[in-house]
Amino acid sequence: MSETRQKGVNRQQIADRVALEFQDGWIVNLGVGIPTMCSNTDIGDRDITYHSENGVIGYGGVAPAGEEDLNLVNAGGQNVTLKPGAAVVHHADSFGIIRGGHIDATVMGAYQVSMRGDFANWKLAGQKGGGIGGAMDLAACAKRVFIILEHVTRKGEPRLVEACDLPVTARGVVTLVATNYGLFEPTGEGFLLREIAPGLTVEEIRASTGGTLTVAPNLGPMRMAG
Amino acid sequence: MSETRQKGVNRQQIADRVALEFQDGWIVNLGVGIPTMCSNTDIGDRDITYHSENGVIGYGGVAPAGEEDLNLVNAGGQNVTLKPGAAVVHHADSFGIIRGGHIDATVMGAYQVSMRGDFANWKLAGQKGGGIGGAMDLAACAKRVFIILEHVTRKGEPRLVEACDLPVTARGVVTLVATNYGLFEPTGEGFLLREIAPGLTVEEIRASTGGTLTVAPNLGPMRMAG
Amino acid sequence: MGQKSKQVASFQEAVADIPDGSTIAFGGFAMPGTPFNLIRALMEHGAKRLTLVANTTGGAQQPRMPDIGMLVENGQVAKVICAFTAATRPTDVLPFTKYYESGEVEAELVPQGTLAERLRAAGAGIPAFYTPTAVGTELAEGRETRVINGREYLLEYALPLDYAFIRARRADAAGNLRFHRSQRNFNPVMATAASCTIAEVDEAILPAGAIDPDDVHTAGIFVHRLVQVPPAPEGLWPTKRQERAR
Amino acid sequence: MGQKSKQVASFQEAVADIPDGSTIAFGGFAMPGTPFNLIRALMEHGAKRLTLVANTTGGAQQPRMPDIGMLVENGQVAKVICAFTAATRPTDVLPFTKYYESGEVEAELVPQGTLAERLRAAGAGIPAFYTPTAVGTELAEGRETRVINGREYLLEYALPLDYAFIRARRADAAGNLRFHRSQRNFNPVMATAASCTIAEVDEAILPAGAIDPDDVHTAGIFVHRLVQVPPAPEGLWPTKRQERAR
């Protein structure tokens, strides 16, 4: 992904906008890629516990070079640190936490998200097999599913679509979508544009969005962290 | 139970006879009452791991007075000691061990055992409710179920019966029955008498046993420990 | 995490918001791990029409400690879900029995392993599972079974809780817990199954991070309130005695 | 217990009796907890028509370490059960992919949490359970679902293993194990699901009882063979490096 090619806000800004949703005391699972960048965002003194599929509860930032514990990684395989109060459990207990509804929010990347809240992120068209990892468990069971993606593909096609044509990860679960163009809510009948990125117009966004785009009465600029 | 009232071997001797069945490396669960006494038996250098429903794996004898750890009990609530190599798990994991077939033998008391290997030990006739505890899990899932009971009730009625008239704990699971009269195997068609206690005759035993009693071709005296 | 302590000042405060009709589980197997102080506070609190979940209904031990039998006698209980509604020895009569036999209180008798697994399932998002336990018994009568690989199994459902009352040896401010020996028993499992878990703790609450992450038995995300047990006689049940150094 | 040590002298000896057609699981999530030394020994051993269970098929990391992809290239594998048959980034091509796409090797793609739970179920005597994961997806097509309390769930079956290959930080002679940080991952769960669990261990094997019973992560009853990992370069993957003291 080239930052110059894409309009709107940059990747860290998309992550920042999603991180602003996190409320004090939440347990949050961040997917590989842009979602990981949510942990860089300054959201004041809100107390967030980050959970990783491999059973790490309460991890912090990436370990400084030379200080890595090689046996301590997050879901993306990065050597992370632990915050005070962290705990480690095994994989079945870790997914018990996920499946049991103990995760307040999961943030994931996706290929497509539909206006009914379906999304696809594990298998490309024509591919045999795929990479599911923990995505289906998180998608089906977290209290809130936030999706981060670039608004259009490299070919300029919409990723926010009326219905996913790729195999879905879960149906009807997405509550919020953040892209470089803005912040959206799948409503069932369309995508509700709640915030708009600087330099974009509603008409540009509508032209790049599949399905129906509606605009929130209180449409505002895309909120930034700090 | 009065020792003078009953014929045949005493309670410790019944427990001893069952303990002689334990093989090197076995994981064994002992029920409350006479079964607990199996851990007193000298079975040489055979390495037995005793498991208790509350998640204690590898407990030893009862703690000497004044040296009890009040937070360490076996299934009967006795303050026990731990052997080197012991481990503690929680209740769901402890019954995962039971249900998962990791227990080589469970030894339990019972009100009745049938010639098809059913047994009853949780509810008396006419009682509302009962005391199941871990008995149904152990009975259904241990690799071997050994039952210890006195051969007849206080009224002199057989406890080895053609079919249980009390509510059963599990069906078709009992592989060995030890009583003060001898050692028996439920075969489906009857009880096979394998060993006979001193002072008893086959005819006396037959008269005190429900269902069919058959006698092993190699019938021997009831084996003793040590 | 760990910025705010989960410690509350008293047992009264810890149970103050419990509404009538709640489903509450109590850890404990024999004496170890039983939240006697929280049970006493619940008796003082007076919440009614409760559904209680525990291994036993209590009342067999002497001297008598706060237990389900006492809550029943106090008129607070509608139903009990447990592995014993009677003692194993028919000669022991539990205080609970007379209320159960008269129909004043309802009971659901569940094999101990099935009880533990139903709680674990509730915490782990498994709505139902199959088990070989109780197949062919009175408990399976009229219920759904299924043959899998030639063996018959009983369908059992998750048992979610509103509250879990548990007891631990050690806690940090983030709610991470450690249990001592067989104090552990049902406590970690009930903690995962409850919307709100309240732990009474033998030792002084430590700062967050004082327990190594590899040594945590119950993760703090499952624990919502902590109360330190004061020394006897104010606090019930010896907090530490005669432990064998290994 | 604890009278006889479970330690064996070499990785070769630890895997010597593994027959063709076995189902073998490998612990590990990214690098931590992966039994690289046992995998290498299995490649030398040469057992064929294996069914392998793991989170991924491996091959993404550089330098390349012994993994499922290598066992596949070695002609030892009939089927793989895992949560990734392709990388998350479509541009990463796994060595496994070409064998899978050509049909030489079969694969069963399972969501990671369902995989962990199927293993846990096998160890805990639960033949089948319901889960919300994968409902409404391609993975649920043609399979049995059930509505419980108004929500749809998918029926999943236990996944029992012949062997589990795992890696731990510390062990005693009785087989009790401790893991360091995220080294734990699938390892304790796979250990419960296997008829024979073989653990490679970072540190020298301790006498039975050297690990406090409250500090055991995997109980020795689930562990059958222990092999100590020798120092690099003979032993694969640093046994201890740069660990932050807390």
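When the chains are written out, they are named A, B, C and D in that same order, and each has its own residue count from 1.
As a convention for this text, contacts are C-beta pairs under 8 Å (C-beta built on N, C-alpha and C of every residue); 3 or more make two chains touch, one makes a residue touch a chain.
It should be emphasised that the depicted structure is a prediction, and the values quoted were computed from it without experimental measurement.
**Student:** Higher C-beta contact count, A-C or B-C?
**Tutor:** Higher C-beta contact count between the two pairs: B-C.
**Student:** On a CA-centroid basis, which chain has its centre farthest from subunit D's?
**Tutor:** B
**Student:** What is the distance in Å between the mean C-alpha positions of subunit A and subunit C?
**Tutor:** 37
**Student:** Provide the C-alpha centroid distance between subunit B and subunit C, rounded to the nearest whole angstrom.
**Tutor:** Using C-alpha averages as centres, the distance is 29 Å.
**Student:** Where the CA atoms of subunit C average out and where those of subunit D average out, how many Å apart are those spots?
**Tutor:** Spacing between the chain centres: roughly 33 Å.
**Student:** Using mean CA coordinates as chain centres, what's the subunit A-subunit B distance in Å?
**Tutor:** 57
**Student:** At least two other chains touched by the same residue of subunit C: list those residues.
**Tutor:** In subunit C, residues 117, 120, 124-126, 131-132, 179-181, 184, 209, 213-214, 217, 246 touch at least two other chains, as defined above.
**Student:** Residues of subunit A that contact two or more other chains, please.
**Tutor:** 56, 82, 88-89, 92, 95-96, 98-99, 141
**Student:** According to the definition already given, which pairs of chains are in contact?
**Tutor:** Result of the pairwise touch check is A-C, A-D, B-C, B-D, C-D.
**Student:** State the interface residues of subunit D toward subunit C in the complex, per the touch definition above.
**Tutor:** 117, 121, 124-132, 146, 148-149, 151, 153, 157, 178-181, 184, 209, 212-215, 217, 246
**Student:** Within the complex, which stretch of subunit B touches subunit C?
**Tutor:** Its residues touching subunit C are 32, 52-56, 63, 66-73, 77, 81-82, 88-92, 94-96, 98-99, 118, 123-124, 127-137, 140-141, 167-172.
**Student:** Quick check: in the complex, which residue numbers of subunit B touch subunit D?
**Tutor:** 27, 45, 47-49, 51, 56-58, 82-89, 92-93, 95-102, 141
**Student:** Spell out the residues on subunit D that touch subunit B in their complex, using ranges where they run on.
**Tutor:** Within the complex, subunit D touches subunit B at residues 1-4, 120, 122-126, 172-176, 192, 207-209, 213-214, 216, 219-222.
**Student:** Subunit B touches which residues of subunit C in the complex?
**Tutor:** For subunit C paired with subunit B, touching residues are 29-33, 55, 83-88, 90, 97, 100-101, 107, 109-114, 116-117, 119-120, 131-139, 169, 179-189, 217, 238, 241-244, 246.
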